[in-house]
Structure formats: C-alpha cells, structure tokens
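Scroll down for the structure; my scribbles are underneath it.
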Amino acid sequence: MICSETNIRIRYSETDKMGYLHHANYLNYFEIGRTEILRNMGMTYKEMEGDGILLPVLSVNIRYNAPSYYDDVLTVKTYMREKPGIKVLFEYEVYNENSDLICTGNSTLVFIDAHSRKPRRPPDYFVKKCSAEFKS
Amino acid sequence: MICSETNIRIRYSETDKMGYLHHANYLNYFEIGRTEILRNMGMTYKEMEGDGILLPVLSVNIRYNAPSYYDDVLTVKTYMREKPGIKVLFEYEVYNENSDLICTGNSTLVFIDAHSRKPRRPPDYFVKKCSAEFKS
Amino acid sequence: MICSETNIRIRYSETDKMGYLHHANYLNYFEIGRTEILRNMGMTYKEMEGDGILLPVLSVNIRYNAPSYYDDVLTVKTYMREKPGIKVLFEYEVYNENSDLICTGNSTLVFIDAHSRKPRRPPDYFVKKCSAEFKS
Amino acid sequence: MICSETNIRIRYSETDKMGYLHHANYLNYFEIGRTEILRNMGMTYKEMEGDGILLPVLSVNIRYNAPSYYDDVLTVKTYMREKPGIKVLFEYEVYNENSDLICTGNSTLVFIDAHSRKPRRPPDYFVKKCSAEFKS
C-alpha cells in the first residue's frame, strides 16, 4: 500500500453560507492528497505533466459524515491499495482535529498522452515504483 | 418524475491547466440543477433557507465520460425520480453542445433544521408538491 | 465606447460563511463581462486563444459598496472606454436586482503570444473593430 | 508594523487553461495572509466572528508582475503598516521560489457587527494589541 497524509487548513473562501466547507472543495483536497502521494513516491505530478503524461479523473464517489468549518485543520489520508494499470484507484479519508472521520471517498484516474489525449501506459518510473511496492 | 434543464457556459476561472473544465466544478453545476428543480416546483432554495431549513449534501457519485472546455455551453439535466422523504436523491446528466453525454452523477441530500442542525421532515409545501407528482 | 451587459445568478458555491457572495468571485464575474464584450464585438476570446493570442490580467482595482447574496441575479456592465493598444483597460459596474450599484472596478490586460509569452500587438480583427469604434 | 509570512502551494484546481494560477485566487491568498496576521497577533478571525464581529472587504487593488504555476510554493507577506481604526489596511507581497516579487496588492476591510451588519469599533483585544504595536 502506498499512502500520504496531508494537513489542510480550511480557507474562508472555501466556506458557504451554511457555514460549512462547501462540499465540492473536498474534491480539491483529494487532488492535493494525490499530489502528495506521488511526491512521497519520489516523483511529482508536475514533472509527469512535463513529460507529456496527464492523469484526468474518470469518477469520484464521496460520502460526507459530518461538516467541517473555517480555520479547521483537516487531515487528508490518501491510499493506493491496488497495483495500478492504465487506471489508478485512490481512496481517501478526511479527519477533523477531533479525529472524527468526516468524509470518505475514492476516485479513479487514467493515464493519457498529453498530445493525443488517448490512454497510454503509466511512465516507467511510476510502474517501477509500484512494482516494488505491490510485490505479490 | 420532477426535472429541470439548465444551460451553463463554462467560465475561464473554471478551467484547469489541462484545458478542461476542472472536475470539481461539475458538483457546482449539479447544485445549480437542484436550485432550478426547486424553482420549477414553485419554491426556491433561498426561501427554504429563510424558513430555517437547510439541505446539505450526504453523498455524491460522479462519472466523467468526456472533457468539456472553456466557453462551451453545457446542458445540465436534473431528475428527482423517487418520492423524497427526509433524504432526497437527485440524478444528473450533463451534455455538451454536440449532445454528447459527458458526465452523469447523483447525490443524496438531507433536510436539517438550521438551528439544531438535526434532520427534520421536509417543509409542507415541498411534501405537498411531491405527493402530487409521485402519486402511486 | 464598447460595452456589454450580462446577468449572472449567484451560486451557492460562491457564497461564504458571512452569507455574502465571496469577494474574490467578482473578479470571475468581471472576466465573464470581458468574454461577453468580445462576443459583442463579433469575436470570441476562445477563438483568439485558438489563434495563439492570450490576454492575461496585469492589474485589478475593485471597490465593494454593498454585499450580494445567494440566488440574486446581478447585472455586470463592462466598458472599454479607451482605444486599446497592446494593453486594454476594462471598467466594470455591478448592479443588484434593486439597481443598486454594489461594486465597481477596472482591470488592465495585455496581449501576449501564446508560444513566446511575450507582449504582441492585438489581432487584426480586434484592431479593426476598435478603429471603427474609436474614430477620433 | 505587524506582519505575517505564509507559504502556499498552488493547487491544480487553482490553475487555468493558460497554465497560470488563475488571477482571482490571489485574493484568496491575501485572505490567508490576513488570517495569519491575526493569529500572529494572538487572536483568530474565527474567534472574532464567534464574538459577533465580521470584517468584510471594502476594496482590493492588485498588480500582477509575473505568472505563477501549479505546485509552486508561493510566499505571501502581509503587512499592517498603519494603526487601524474602524477600517484596516492590509498590504501584500507575493514571492515565488526564486524570490521574484510576482504580485503586490492591498485591501481595506471594515469591522461590522454580525447582527446589525453596521460598522462598529474593533474588539478591545485587537485595539490593545495595535496600540502596543503602533506607539507614537
């Protein structure tokens, strides 16, 4: 299993008139979790894009257990539990400062070529890193 | 079945460096669809909040079939196919200008009291309208 | 003078915990005003980018007179009062449904080449249209 | 002078199709700078709102010198150089990782009562802290 843990302080601009972190922003927090999982693996998504490989999102499923509030520091835990192929599954848990699990989710992304915008195999350094991690 | 159909032009600020409508923004488009479905039913979500009733999101599931781009006019179709109780299920289809179904999704929301933030039954005018629509 | 007038309904996702349209969103509304002024001139910003010409923002000045709220329909009036060169000055007025002037602003943008990212003269069709409009 | 210095990593969701941090997001970064300046002063904006005092924005002026990009870590320096009254002036400098000053700005905010939404004097703890800092 490959994972990352990131702390994110909720911004005023991310709240809504209900006083909650607006629910769509959790998808941006998941994206930060993915960015950090790649950084933990010794690569960056920025470099991957520089190499002509994009990783758009195919699906997201998200469940909200409790709201969160301005200035709270949330902990986003991101997991890659299955060996990825052309598609990659990420799973997420978001905790508040009381360690309540306030949100869970998952998303599937696909490697595509930046020029053709067609699916392609993941870059070698990613495959190599995953093979080391997900040995059978 | 109760439904709404809304056209939304993609804003520059909603694009990302991939050149796509950033995937989290579809959740905001779904929210517009819900706002318009209530307006079609003869009420507004704004008034409902004024009456002390909030409708936060419990879950979202979204599947992206194809990207969309700056200045495209998308059509968001929103459906309430089941008679709602304390929870309401909305379903969504998003089409581009070529009538391609680029995104589908659903979300479940729950009626809560604005003061106690506890679940409560939907407002009478909403129940009445739904009863008329979902006669068995 | 070249101008546009656009109606924008405030989204739930654009509000903040104060219950107001979050102040940063007005910059996105200004951007929509610019998009529409170009469309009124017979071109689109999308096509301009397709021709390899970008128009990034150099400065913004904005003054908020009164707040605005979820579901309000604002009217954004955008003006190009001076004949543009490599830089273009846009001015904005935002009105609410009571015709209160709730926000004013201006921004300066610059034409750049998409490849070199260096300033360049505006496209011919833009110059021609402006010359017709700003005859001395 | 009272100041804060905050590092912010640019999120994918904050980029636009030009590949830049979308210009409206700098206003959100300024807001984070204000949040941190208050925290440095020994209070939080969250508590201030809890005490029934809001601080909406009256005006913003911003100048963009150079673009910034996904995954860059920006440094936001926020300054309160003048002793505040009912209004407070904040000034901002944003630097990239090469220490280039990529953006400058300022904004004026006003203390208001959360209930009446009318201007009011700042809270005592804020006045006291400022008096200690801005001794003539």
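Miscellaneous remarks
Labels A, B, C and D are assigned to the chains in the order they are written; within every chain, residues are numbered from 1.
In the analysis below, contacts are C-beta pairs under 8 Å (C-beta built on N, C-alpha and C of every residue); 3 or more make two chains touch, one makes a residue touch a chain.
As the structure is a prediction and not an experimental result, all values here were calculated from the model.
Counting every residue number used by either copy at the chain A-chain D contact, over half are found in both chains. Compared with chain B, the chain whose C-alpha mean position is the greatest distance off is D. Between the Cα centres of chain A and chain B there is a gap of 24 Å. Note: centroid distance chain A to chain D, computed from Cα atoms, is 28 Å.
Between the CA-based centres of chain A and chain C the separation comes to 34 Å, rounded to the whole angstrom. In chain D, the positions touching at least two other chains are 12-13, 17, 24, 27-28, 31, 49, 70.
Within the complex formed with chain B, the residues of chain C that make contact are 11-13, 27-28, 31-32, 35, 44-46, 49, 69-71. By the touch rule above, chain B contacts chain D in their complex via residues 12-13, 15-17, 19, 22, 24, 70. Taken together, the chain B residues at the contact with chain A in this complex read 17-18, 20, 23-25, 27-28, 31, 49, 54, 56-64, 67.
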